[in-house]
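Each chain gets a letter, A, B, C and D, in the order it is written, and its residues are counted from 1.
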Amino acid sequence: MLSKVFATIAVAITGSILLYGVSDFPAFGDPHSPANAGVPGSESVSLYFIEESYKDTKVPNIVTSVLADYRGYDTMFETVVIFAAGMAIFAILRVVGNKEETAAKAAEEDSFTNGDHNRIIVGTTVRIVVPVIQLFALYVVAHGHHSPGGGFQGGVILGASFIIIALAENLNAALRRLSELNYVRLAAIGIFIYAAFGIMAQVLGSNFLDYGALQPIFMTDGPEMARSHSMLGVEIGVAFTVTAIMFAIYANLASRGQLVKGL
Amino acid sequence: MVDQIPAVLVLAPLFGALLIGLIGHRDHRVCFPIALASLSVTFFGAIAAAQHVFTNGPMDYFVGGWEKPLGIGIHLRIDALNALLLIAIATVAVLVTFFSIRRVGEKNTEKTHYFYILFLLLCLGLFGITIAADAFNLFVLIEVSSLTSYGLIAMGSSRSGTYAAFNYVLMGTVGASFYLLGVGYLYLTTGSLNMQDIHTILGSNPEIAQSKAVTIAFIFILVGIWIKMAFFPLYGWLPNAYSYSPSSTACFLAPLMTKISVYVMIRVMISVFGLEWIFVSLGWSHLVVWLAVIAILAGSVLALAQREIKKMLCYLIVAEVGYMVGGAWLADEGLWGMTGALYHILADAAMTLCLFLAAGIFVKRFRAREISDLEGMFRKAPWVMAAFVIGALAMIGVPPTCGFFSKFYLIRGGLDAGHWEYVGALLISSLINAVLFFRIFEIAFFGNKPAEGHDHSHDPHETEELPVASNEAPPVWSGNLPLFATAVIIILLGIYNGPVVALIRTFLEELPIVASSL
Amino acid sequence: MIFAFDIIILVFLVVAALISLNVKDLLSASMIYGIYGFLICLLWAEMGAVDVAFTEASVGAGVSTVLLVATVFNTRRRSSD
Amino acid sequence: MAEFIHDHIQPYFNYWVYVIIMMIGLWALIAKNNLIKKLIGLSIFQTAIILFYVSMGVKDGATIPILGHHGSSPPASEHRLFEDLDEEEPKKAHGKPVDHHAADDEHGEDHTHGHAGHHKTNPDLIANPLPHVLMLTAIVVGVATLGVALAISQMIFKEFGSLEEDEILEEIKASASDG
């Protein structure tokens, strides 16, 4: 009861401060608000992105080019956040070395093939659908330059395809395809790919994540196409990490860290 | 080469963590060398950066080379304010790495490499926060450091520790979200995310600087950071979260997490809003000083009521945060309060590290969790106790240690600004610290005369490390080396306070502050 | 962006949030949270933030809900509030 | 009352709703007893902030921040779809004399991209991409936090056999008095 009173007071104070500020905002949808067009006397970042990003990177999707190039450092740490969350969850939940469980695991193994007809129907459907999902995920990753999508979205979908396998059959079926050892590795390799693009730029004498400097490696006409190609590489790195960690988080949460049986 | 240092500072721990992720599961013995190596790279990088900054002025680094117009890319900046802090973080990180040898592995060896990965990522987050000059990038790195610290606190926690960790997650996320909201308000009014750019826009457009939205942005950023640093009314999560976590985690989080938040607050005050705007046009700096006074008194009094060593130290952190926030908000003409607060960040990192390391060793080797368990500790472990005494004296504020000098500057600032209540609170808190620590010394030296009816057998769930095979015990030096090094640092930092403060002053005097208007 | 559409979704959003928080069955709460995620994803598509909408559809509505459901199955389904 | 709504709520409707949703989340976060409910509240709280960011990047009559590509890809046809609407809406916006922006417009026309003939690079017709980028990051951070928090709540359930806050606190009190 006390917490409800306290909550009401806190919410009332915070809410009234926020609403007090709202009356001062530029109107909703105003294209010339400071956020959209900058303030007089200084160049607007957002207008720069809209007007110049295609020339700088040859990527039509402005969001992708800003995400992976201009603010690529943020995105790298965003991937690190996912990696850290995965590691934190393993550190908290993972239960290791339980003999009894491994015995149970062996017994569990065949529940898909014998008995349980619901699982056969669902499982077969999933087997048909999963390749399509994965293909779509790869398309989303690769086509992020031209349409909504990119490493995160594609990675999540790819991770979800493994989650679907785990839901429809059992967790072991999914873990056979992406084992614990491999998902930790895959996650590390993903960030490694991302950082490697940055470091290659450093080696070639430019700043970290300056993809334009990678021109000699990609043998493109100008730095723009090098940026465009690097962005694809970076997105693939992000997709690796996200795929691995999204599935790993589910696997650990669904099995209370034992990685057997699942839901 | 030197101009690539800002990137190297964060990349070294990142690669260390990735390498451990790739090969760490096979053999846990590779974790420690990798962690130490990558942190050493950062340590020397931080020293090189500091050297460069103090001879050639601030270093600006534009990730991806997106320099103009300002704010399209991510801007990293090392100046006199954070160069010292970088060295402090790197030092603490290296020392704690030594302390963590095999300590984490004892309960569950298969998780050792996860500990090191999280630890390195936490270091990465802290370094990133320190050098960030982009408001949103700061948020991302705050989240990196928060998520890793949630994991570290929860992974080895005892029974009540898990619940404390859950509360920590909630509070930490709300704090970070408030910060994000404040940044959103700033972006809405200025159209930029780069700290320097926002500062110029606010400085050149008075009508924007006076708008309600900017004030609210400041309030939310401030409250968000206050939650993160456990400032007085919002400190509830800290004592449980830190005291129930494993020793090596507590040793790293306690000295750094709150201090880094104080740094973020000072950075936002100086580099985003500008001190003039805060102290002159906002006009409620004295309210914050009063809050700090309450924080100091409450922290000290609550510390007096504790029986567990670690919990007592946690409440002392709450009081110390009050020192720093109060000092930063004193708004005296010569900015001595700010100087004291900045110096205290360094001093307090060393003091807290020393005390937590000692407390960790007491728990580890003597199963001494409560103050009364320390009976006869001067006989059992004279050297550890000696280092503990140095840390305690610094906390009280006895002359040759750094604690004295930071209090000296804080009090000078308080006197200049005419905030007598702050000076009074500082003195009372020192007195309480003296009572607190001399009580411990007495017990440790003479033993506890009145036999308390207190049983020493603890609930097995409550003690973090119980039956440990003797061959699993960590080497003695792994605990003692960092402890003695910290004790030496405390004294050195005290003796050489002049040069350190001079470095801080050169930075503060360059600030465009109209002293007369304050 | 279409104003009427905007208002309708926002109102539904508030309703979904309230229901999700007040249902006593945690499984239903998770599912309604998924609905909330899809509504907000619609809202973003409508506001022109297609990338955000895509991410929200996959992360917010998809994976978050699955994680919540996984936890609810492994703990208790009833809640006191 | 009607005047108040017209002046203060209608132009800021999104902002009002974001505050309401955020407060719902914050209230649940503090007042709810069940830990899972608290986490749902936390997620709602975070989505409210995302709503705020995305709302400030909206421009009336603007399209998605993907430039037309060789005039044939799906985004380009979408542009054409929105074009009719674009014709009338921005006029309102342009009616306002915003002098600093005139320079921007000229600037923009200087660099018209030759690749998409029908597409004007009038920045007023393209939604602000920056908040979208920031919020992609925020969404991912949100799900990461949710995952960690759920893991911790499973640990709590393992230790205490309950996810109700009052029961957990009682257990902690009981075990403290035992020891």
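Methods note: a contact is a pair of C-beta atoms (placed from the backbone, for glycine too) under 8 Å apart; a residue touches a chain by one contact, two chains touch by 3 or more.
Predicted model only: the values in this text are computed from it and were never measured.
So using the touch definition from the top, which pair is joined by more C-beta contacts, A-C or B-D?
B-D
Relative to chain B, which chain's C-alpha centre is the most remote?
C
So the centre of each chain is just the mean of its C-alpha atoms; given that, what is the distance between chain A and chain C in Å?
Once rounded, the distance between the two centres reads 19 Å.
Between chain B and chain C, tell me the centre distance in angstrom, where each centre is the average of that chain's C-alpha atoms.
37
So how far apart, in whole Å, are chain A and chain B when each is placed at the average of its C-alpha atoms?
Each chain reduced to its C-alpha mean, chain A and chain B end up 30 Å apart.
Can you list the residues of chain C that touch 2 or more other chains?
If we look for residues of chain C contacting two or more partner chains, we find 1, 50-51, 55, 59, 63, 67, 70-71, 74.
Quick check on chain D: which residues sit in contact with 2+ other chains?
Each of 13-14, 20, 26, 29, 55-60, 62, 64-66, 130-132, 136-137, 140-141, 144-145, 147-148, 150-155 in chain D touches at least two other chains.
Could you pull out the residues of chain B that touch at least 2 other chains?
136, 140, 143, 147, 150-151, 154, 187-188, 193
Can you give me every chain pair that touches, using the contact definition above?
All chain pairs meeting the touch criterion are A-B, A-C, A-D, B-D, C-D.
Give the list of chain B residues in touch with chain D in this complex.
136, 140, 143, 147, 150-151, 154, 157, 159-160, 162-163, 165-166, 169-170, 173-174, 177, 180-181, 184, 187-188, 193, 458-459, 461-462
Quick one: in the complex, what on chain B touches chain A?
4, 7, 11, 14-15, 17-19, 21-22, 25, 61-66, 69, 71-74, 108, 110-111, 114-115, 117-118, 121, 124, 128, 134, 136-137, 140-141, 143-144, 147-148, 150-152, 154-155, 185, 187-193, 197, 200-201, 204-205, 208, 211-213, 216, 219
Show me the residue ranges of chain C that touch chain A in the complex, using the header's touch definition.
Against chain A, the touching part of chain C is residues 1, 50-51, 53-55, 58-59, 62-63, 66-67, 69-71, 73-74.
Once bound in the complex, which stretches of chain A touch chain D?
Listed in rising order, the residues of chain A that touch chain D are 3-4, 6-8, 10-11, 14-15, 18-19, 22-23, 25, 27-33, 35-37, 40-41, 44-47, 49-55, 60-63, 66-67, 71, 74-75, 78, 81-82, 84-86, 88-89, 92-93, 146-148, 152, 242, 249, 252-253, 256-257.
For the complex, give me every residue of chain A touching chain C.
29, 61, 63-64, 67, 140, 148-150, 152-153, 156-157, 159-160, 163, 167, 246, 249-250, 253-254, 256, 263
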